[in-house]
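Chains here go by letter, A, B, C and D, matching the order in which they are written, and residues are numbered from 1 within each.
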Amino acid sequence: MEEIRIALLGHRFMGRAHSNAWSQATKFFDPPFKPVMQVVCGRDQADLQTFADRWGWAEVETDWRAVIERDDIDIIDIALPTYLHAETAIAAAEAGKHIFCEKPFANTSAEARAMLAAAEKAGVTHYLNHNYRRCPAVALAKKLIDDGEIGEIYHWRGAYQQSWLVNPDHPIDWKLRKDTAGAGPLWDLGSHAVDLAHHLVGDFSNITCQGKQFISERPLAEEPTKKGNVEVECAALMLSEFANGALGSIETTRYATGRRNRHTFEIYGSEGSMTWDMEDMNRLHFYSGKDPATTSGYRDILVTQREHEYVNAWWPPGHIIGYEHGFVHAVVDFLQAIKDGGGMTPNFHDGVRITDVLEAALTSMDSGNRVSIEQA
Amino acid sequence: MEEIRIALLGHRFMGRAHSNAWSQATKFFDPPFKPVMQVVCGRDQADLQTFADRWGWAEVETDWRAVIERDDIDIIDIALPTYLHAETAIAAAEAGKHIFCEKPFANTSAEARAMLAAAEKAGVTHYLNHNYRRCPAVALAKKLIDDGEIGEIYHWRGAYQQSWLVNPDHPIDWKLRKDTAGAGPLWDLGSHAVDLAHHLVGDFSNITCQGKQFISERPLAEEPTKKGNVEVECAALMLSEFANGALGSIETTRYATGRRNRHTFEIYGSEGSMTWDMEDMNRLHFYSGKDPATTSGYRDILVTQREHEYVNAWWPPGHIIGYEHGFVHAVVDFLQAIKDGGGMTPNFHDGVRITDVLEAALTSMDSGNRVSIEQA
Amino acid sequence: MEEIRIALLGHRFMGRAHSNAWSQATKFFDPPFKPVMQVVCGRDQADLQTFADRWGWAEVETDWRAVIERDDIDIIDIALPTYLHAETAIAAAEAGKHIFCEKPFANTSAEARAMLAAAEKAGVTHYLNHNYRRCPAVALAKKLIDDGEIGEIYHWRGAYQQSWLVNPDHPIDWKLRKDTAGAGPLWDLGSHAVDLAHHLVGDFSNITCQGKQFISERPLAEEPTKKGNVEVECAALMLSEFANGALGSIETTRYATGRRNRHTFEIYGSEGSMTWDMEDMNRLHFYSGKDPATTSGYRDILVTQREHEYVNAWWPPGHIIGYEHGFVHAVVDFLQAIKDGGGMTPNFHDGVRITDVLEAALTSMDSGNRVSIEQA
Amino acid sequence: MEEIRIALLGHRFMGRAHSNAWSQATKFFDPPFKPVMQVVCGRDQADLQTFADRWGWAEVETDWRAVIERDDIDIIDIALPTYLHAETAIAAAEAGKHIFCEKPFANTSAEARAMLAAAEKAGVTHYLNHNYRRCPAVALAKKLIDDGEIGEIYHWRGAYQQSWLVNPDHPIDWKLRKDTAGAGPLWDLGSHAVDLAHHLVGDFSNITCQGKQFISERPLAEEPTKKGNVEVECAALMLSEFANGALGSIETTRYATGRRNRHTFEIYGSEGSMTWDMEDMNRLHFYSGKDPATTSGYRDILVTQREHEYVNAWWPPGHIIGYEHGFVHAVVDFLQAIKDGGGMTPNFHDGVRITDVLEAALTSMDSGNRVSIEQA
């Protein structure tokens, strides 16, 4: 089988998840290329070597520009903090590399547009890793909506709730600084929620956002006896209207005590409705308005049947999969998209769409007023 | 509207539930008679008068035989401990009264048969109050089975679990004495479970039972500094085969810490399955094997639609009802049965069937062997 | 026991629920007065007599002013459409009657203020029937918050979702006309949600609202072959900030296919969190941040223990209650409040608070801007 | 790091799950050896090579005896049908290999004893792969029981329910033949359930079993136009007593329409209780009797905290894992046990214990009588 060579930028949480995906892809699926884990790139040489040994990356490198310039590399996999996405992605595109980019896409719409322009100009395959789309239960939700099973959509009710900032001793790190993170949960969690809303409902036509800081000062990560200012919101709540007439709400927070990683939506339409929650990611709850009045109720669908997308590659019915499996599905689809040349979603177009919505939300958060969103 | 006069025997927990049922029947339903709450009968005159004033019973009486002999009484409502059922029910039948009898039916099959014979000979309407049959969600389960929605039944998995005996200080009362209670949870809880199994699956052909005492001595209710022997089992577990070929299991216990009144069943058939739990009594979970593979899953049916049995008399969809409502439904159906003259279920025939199964279970509990059950 | 005489205005859905509450109050509780169901008032004499016979109202009357002027009446129970509340409540207050008033309180803040002023001037006991406060699980939520069990509150996430307007054939009735209903679900459902937010979190400091019409024309109830315009919103979504710094969201809709009467909230605080849903009203889900990391999780509390408020009056642990029981609790507390003379909540003050929030939401719905709320 | 060489026997469903486990072990954990996937052994050379290429086995071999005799192999991993376990395991032990053996252990107690004797005589590390013990939620259950959190155990209520035989067209394969499978669900599913009962409650002192065939003839896999007899039971239900006095029940079936792979238990003790279900494997439901009466309820514990066993090696809190992860945990613990030399559980001793219980159940299934179980 034809080989394809990957360079991974970043080796923290996302670096692990991506490495696992490249490694597992050929074991459970039959992608059209054999992915070769060629080089991993980061700042700390010693850590990097340990990481490469563990995951099977053939080489390590501390200069990301050198990696991008190598002729033998086909794919640049960006698993870096958001503020480094634009520079690396644009360079990768200019070098003609296919790009697998972690989310959030960019810190500003201007960055986002520049990234998209570079990728389009280069004609490379670009992918933005909103992994939840490739959770089988979400794939089923998409299919049911496309098949008209819930009819015209009236409501999207989304939330992405975590709780790690409830602890006042959690220090200020890059996720709490505006220049590195873009914003708070609006960016980190909201980008996922907006992507799912785009995927399952469609374009936004306006947005209203309300944010808040609950704890404004925290210890500095680099000097814990000193305190610094939290520069981003602690929670951001949004209302929206969609181009198709549906109403939406999205709630993002790092202060929802009791929720670890609750990414959830409810969608109500004229013919049915559905709900999903990432903490219980193998299930979709689906209500069909076509069921008789006496036996209608939310169906608790365990999305592990052979007929469900991606599932047959794993285990028999009733055997659930976990968080990292969505990354494997993304890698497999990405390799197929490179082969087919037709692109895949979500991609840098979606990155622009999402960043536009989030930037409008930031504007509304300041003004308290509803903000219109023009389609990119 | 024609009046019908009731005498209630007993004024404790079940006396309250029955009084409420007679009182609510005409407010929410349109039974064919106006039930007149004429006389309540018990041992303690003072308590009795308080009870009568509260619930609207016109008279009180301490001699149950005197009540049964009154010409103006049409219905004897027996809400007494089990060991008093046979004598009172037989006398009531001989006096030509219709009988609304609380469960468990009787302490022995011999008693049960005598009660049935008396009622049949007298030609009166007789009802045995296994109230769970008239919970709307259970009524829906029955309808779905009768309509063939789950096909041929393979499995009944039932349990009735309470926890009030986990406390070692709970004293010995009539429920822990063999002569008054018949047996332990096998009788009190098992009679309900067996009745639902009869209702939803059919006759038993054999039974195997294993019982156990976890705490054998407890304070005496009448003299708490002394201890006495618990005379009945603390838990009783059963396996069974049904005449139609299904397998069954029933678990009854008063030692299930965390369960208050969990009366639950799972039924699996060739075309579907369903589960129910009294602690969440307004819902039936129904799985239809006819749903497509991708969208099949247990439907969480909130049984509060106008199309559901009994429900329309109460509140709009989504407004749930409680424990006592099943008693109201029983009273309404009982009055209709008297009017129609055709009998209703469960009745004294069912009392015999249930007592036969429980008596066989007691035999098996002693021997450890499977016991066949002949149909009455 | 001292008697207290009631006149009920209205005999539809709420008339039934209130009649049941007066009737059940003395059976399960021991209020300080014996409530006498003296007279029910409505427009249709024949219907009214049938209703009175069924529920035990001694007299019927078609002129509500005549009823209010009667010296023998102590309590006016208003179970009329919203647009009739102000006139009747003010007259009742001026006649010195205690007032038990159904929600929504009023159609405008001006009406609401006039009602409060009249009641305060007359010195009568006034109650606004937001019945959900007296659901035992909500009472437990309140107690836990007051006891500090969830600490400082960060988030209120509420929703009241129904689905009866998904059917395009549902005709235009008083609930879809602005002059009779005030607004759409914002008023009908939002008043309940705002009341619970007031009760459990506190005053609002600002609100942002987005509304929408999904179906704008419907058959006229009085002439079904003709269509008329829906005058109120089909759904209304709100964001808010509370005076104590918490963020809030409330979603109200009649277009949530699959939801019958889902009135739900999530509350997140620094020490814990909780969720509740009216469709499963006997349970509170409570997360305690004080539990060890390995065993922390939402507790599924079945609120049927003797220690839970109101519960001991009904049935043993594990036996649930239904929708109408909250009305009984309200009647019992109302009678006690009359006896004690100290008032009760929610009352006409709360009616003003709620109406102020809803009116601000209406303003925001039009403008798309955040609206400040001054405390009344 | 020191290497350790593995030979895998079998390359079907379990071959995949084991290969994945060996492959993932060093990526997420730090076992004391580097496992080298040296050779995979099976009957079909072509299939075998494809499998080896996919999973990274260095060599293939069709003669299992040749593999066992190789000096460079340290571990024999048996992923074959049950009837091949005894011969291969005994040979592996005699060759001094450590043994990682898939379940069910053996087809008879005699086989089981011979396997244990061989392993013990050889002094090798032996492991029986009842993988559910190493699901983090089950590990938490074990810890809570050992810490006394549920006190003295009264009840074990277990079930393992699948539905793949509801389809009458499912052909007769090795799982439906007595000589290859030992028995039906009693063996395949019951062995898992009995192992968890051993692990969490302790030894059985007696057992009663009732089995049944629902469909007795099915198409032959090798000649689908012909039918053959199903040689094993379709469902097997058990009651038991444990040496510590607890009562138990276990239900195993392949006819539970709607259940894919529901392996579930409820455990009730004097101080608390817990429930678990493999279809929702990342959660443990735990009821603590020490919680106050007003706030006690089953805690829905998402077992993804860093403090939970095995979890920290994977992803952050709230990110669930799947079915195959338990196999990785087993491999890691197995490598550690080889290093430490102290053995691990479950092992071949447990294999004997389990087979003894299942064989007694088979006896009881025939006789209908309770059968005592002596401890091995």
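Quick note on the criterion: a contact is a pair of C-beta atoms (placed from the backbone, for glycine too) under 8 Å apart; a residue touches a chain by one contact, two chains touch by 3 or more.
All of these numbers come straight from a predicted model, not from anything done at the bench.
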item	value
A-B or A-D - the one linked by more C-beta pairs in contact	A-D
Far-end chain from chain B, centres as C-alpha averages	A
Intercentroid distance (Cα basis), chain D paired with chain A, Å	36
Approximate Å spacing (C-alpha centroids) for the pair chain B, chain D	41
Centroid spacing, where centroids are CA-atom means, of chain A and chain B in whole angstrom	54
Where chain A touches two or more other chains at once, by residue number	259, 296, 298, 302, 305
Of chain D, residues touching chain A in the complex	13, 17, 19-20, 23, 26-27, 54-55, 162, 164, 259-262, 278-281, 302, 304-305, 314-325
Residue ranges of chain A touching chain B (in the complex, touch as defined)	140, 143-144, 149, 283, 285-286, 288, 291, 293-302, 305-308
Complex contacts: residues of chain B adjacent to chain D	150, 154-155, 157, 159, 161, 163, 166, 206, 208, 210, 212, 214, 234-235, 237-241, 245, 247, 249, 251, 253, 255-259, 266, 268-273, 287, 289, 296, 298, 368-370
